[in-house]
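After this come two complexes, each holding subunit A, first together with subunit B and then together with subunit C.
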Partner chain A sequence: MKIRKQQIDEVLAIIIEEKEANLSKSEQFKELTLQEINNGHRKLIISFVNVDYLDSSFLGALVAILKSLLPLDGKLVLFGMNEDILNLFQITRLDKIFVLKMSLEEALKEF
Partner chain B sequence: MNKRILLVDDDIVQLKLFEKLLSTNGYTCKIALSVDEAEQQLINEIPDLIISDYQMPVKNGFDFRKKLLGSDLYKSIPFLFLTSVNDDSFIQQGLDLKAIDYISKGTPSAQVLSKIDNLMQSVREHYERSLSEIKVIAEKLNLRNMPKTAPELKLFEIGYFNRSYQDHPGGDFIDFIKINERYTFVVLGDVMGKKWGAWFFSFSFLSYIRSAIRLCVFEGNFSLPEIMAKLNRVIHSDEILSDIFSTLSILLIDDEDGKIKYTGAGDLPLLKYELNKDTLTSYQSDGILLGFSANNTFNEIELELKAGEELYLISDGMIDFEVNGAIKSDLNLLKSKLHDLKHQGKSTIAIKESLFNKTKSQVDDCSIIILSKKNPHEDQKTTN
Partner chain C sequence: MTKSFPIIVELEVPQKAEEILSFTKTVIAKINQHKSLNSEQQGRIKMILIELVTNSIKHGNEGVSQIRLVIDQPSLTIQKSEKGLHIKFSSSSQQIPFKEIDQRLKISFSEQNRHHIQTLDTYKFKFLNPYLEGLTIEHMPEHFGFYIITMASDSFIYQYDPETKENSFLVHLNL
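Take a look at the complex of A and B:
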């Protein structure tokens, strides 16, 4: 799972550097992100700028991360999804539970 | 796909020699000059095998191995120690750390290669044997997340089809719960994930769904939003399912007045082929994934079907397509395919055969339930 991390003030941005976010990467991504939450990060941004396709395993990992973060008063913002992925979030109502933004600038304004 | 090996050694010459030997013999190698570098490589990619030197400055191979054993993600990666130290106590220490074996740096190339080839073959055989044993046990226990047949109804016909990803049982599940001659529930769910992990949890979800429906119906409650809300609360409070999520679509068929009710949780829209308009219409439920929040609310949509019309419940694998080598999720593409098939007057079986064509690449479990209204005139003809 290729990711890059960037600390922007209090916000930790995790940039996914994979074209396909799928089963082979979902568990590792979940563990790595939960580790960051355990390390005290509460304000997270995840970038999908490089991602072309996202499967249900990876969606499940994202939901598990959000579910862990919310009771800790944390916040998660996703940005940079292509039209197909955005559409998938909308038709499965995940847009109701995730904060979705187009750019990093917009995502940062949420904090 | 080539097997991937992570090589860890502070001796760059040794690393390059190993990399050349392995990469010219079909392996894909990543190299790391220190344990820290190796840990960084592991974040990027989980290899099929790690070969690591014992003696390295700062953190040695034993430190590395101990750290891997403490991680659920990395502890099961096969691990070989590489050593130039012919000291039995070093070798024993490595083997005590659950390393599969060790390779001495002086070993001839052909022997190194044979050792690695044999190891990879043995890991693969072990995996396949375990898989086969689980399949046999599942079969014996009659564990199925797909029913054997669909119930016979007076006014409707139900067709359902499922193909699992790479022939492994998956997280899609289907159930039909016939309450009496009048009411039948149709259930389609998709546990987020693939293969065995999702398959295992599908039984927990199925049990809860069957219980929730049966308990509500015993109390005379046929309200889909209420059934779904109760089900969601129970699943939300189940600690084992705390980070496992499932979509769910439920239809309640009234086989006397011909009405159909639909509710869903995080599911893809229900599709309806409308005969008069010759279009496919989407009906979207407003529930979110089961178990995400205790107080999810759900809606109910009432539908009617005329003869010649069909309803389609689909799992997300049905909208994943591989186009020019790239995978994409595209509901409209599936709708367009379904519409073309219906427009050509294709039967349910023909639709299934077209959508589940084996030559098409598949990237996830695929399931579809097709509900059609029987043509009363055809019934009369059959009866006559």
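Take a look at the complex of A and C:
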């Protein structure tokens, strides 16, 4: 699972550097991100700019991350999703649960 | 030349996650040869295929899974078939074979994964809208595969043939 991390003031941006966010990567991504939460990060941004498609396993990983973050008064913002991925969030109604933004600049304004 | 519907296309389901994206593109191209799909329809079909294939890979069913497309006017049926044992729900749910037909049930595959279904036969049921009870993060599942197929399609039915030991997932879309 290729990711890149970027600290922007208090916010940790995790940039997914894979085209396919699927079941072969979801568990590792979840563990990597939960590790960052365990390390004290509470303000997270995840970038999907490089991602072509996302499956149910990866959506499940995102839900698990959000569930871990919210009781700690943390915040998670996702950005850079293509039309297919946005449709997936809409169809599962997860667009009502997650904060979705188009760009990094917009995502940073949420903090 | 006039096309004669229904057109049937049969494909082998890929066994590696890395092949899913190219498989969905191949399937959509094949459908487009016979029926022009708009981007919204292509998006729904892509989601359904990704989840059907992911389900096969995740559960490592014995043997090869097949996808059969029935392209008709004005509908598309995507049927995934694979040999093996039938679906089992968690211990708190009523199990297949169902005792009562045409009954609405709440079943689950895991603690956080609740589905509403309608029994259609002893070994057959239809997935119903999973969001009947609203949605909160506390009750949010972490397994969305069947939810996605249900919401992206017009009808999603599971059936099992105990004689041939074949599982079938039938997804119907009005196009």
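To be clear about the criterion, the second predicted complex is superposed on the first by the 111 of 111 C-alpha atoms of A that agree within 3 Å, B and C clash if a C-alpha of one lies under 4 Å from a C-alpha of the other, contacts with A are read in each partner's own complex, and residues count from 1 in each chain.
Methods note: a residue touches a chain if its C-beta (ideal position, glycine included) is under 8 Å from a C-beta of that chain, and two chains touch if they have at least 3 such contacts.
Computed from a predicted structure; not experimentally measured.
Asks: Which partner reaches more residues of subunit A, subunit B or subunit C?
Replies: B
Asks: With both complexes overlaid on chain A, does A:K109 touch subunit B (first), subunit C (second), both or neither?
Replies: neither
Asks: What is the contact status of A:D55 with respect to subunit B (first) and subunit C (second): first, second, both, or neither?
Replies: So A:D55 meets both subunit B and subunit C here.
Asks: Considering only the touch criterion stated at the top, classify A:I85 as touching first (subunit B), second (subunit C), both, or neither.
Replies: The answer is first: A:I85 touches subunit B but not subunit C.
Asks: Could you tell me if A:E27 is touching subunit B, subunit C, both of them or neither one (first, second, both, neither)?
Replies: first
Asks: Just subunit B (first), just subunit C (second), both, or neither: which does A:K2 touch?
Replies: first
Asks: Per the definitions at the top, what is the overlap between the subunit A residues touching subunit B and those touching subunit C?
Replies: The answer is residues 19-20, 22-23, 52-53, 55-57, 59-60, 63-64, 67, 84, 87-88, 91-94, 96-97 of subunit A.
Asks: Flag every residue of subunit C that touches subunit A in the complex, lowest number first.
Replies: Its residues touching subunit A are 17-18, 20-21, 39, 43, 46-47, 50-51, 54, 57-58, 131, 135, 137, 140-145, 147-148, 151-152.
Asks: What residues of subunit B sit close enough to touch subunit A in their complex?
Replies: The touching residues are 43-46, 72-73, 171, 190, 192-195, 198, 242-245, 247, 266-269, 284, 286-289, 292-293, 316, 320, 326-331, 363-364.
Asks: Subunit B touches which residues of subunit A in the complex?
Replies: By the definition above, subunit A touches subunit B via 1-3, 19-20, 22-23, 26-28, 30-32, 52-57, 59-60, 63-64, 67-68, 84-85, 87-88, 91-94, 96-97.
Asks: Show me the residue ranges of subunit A that touch subunit C in the complex, using the header's touch definition.
Replies: Residue list for subunit A touching subunit C: 19-20, 22-24, 52-53, 55-57, 59-61, 63-64, 66-67, 70, 83-84, 87-88, 91-94, 96-97.
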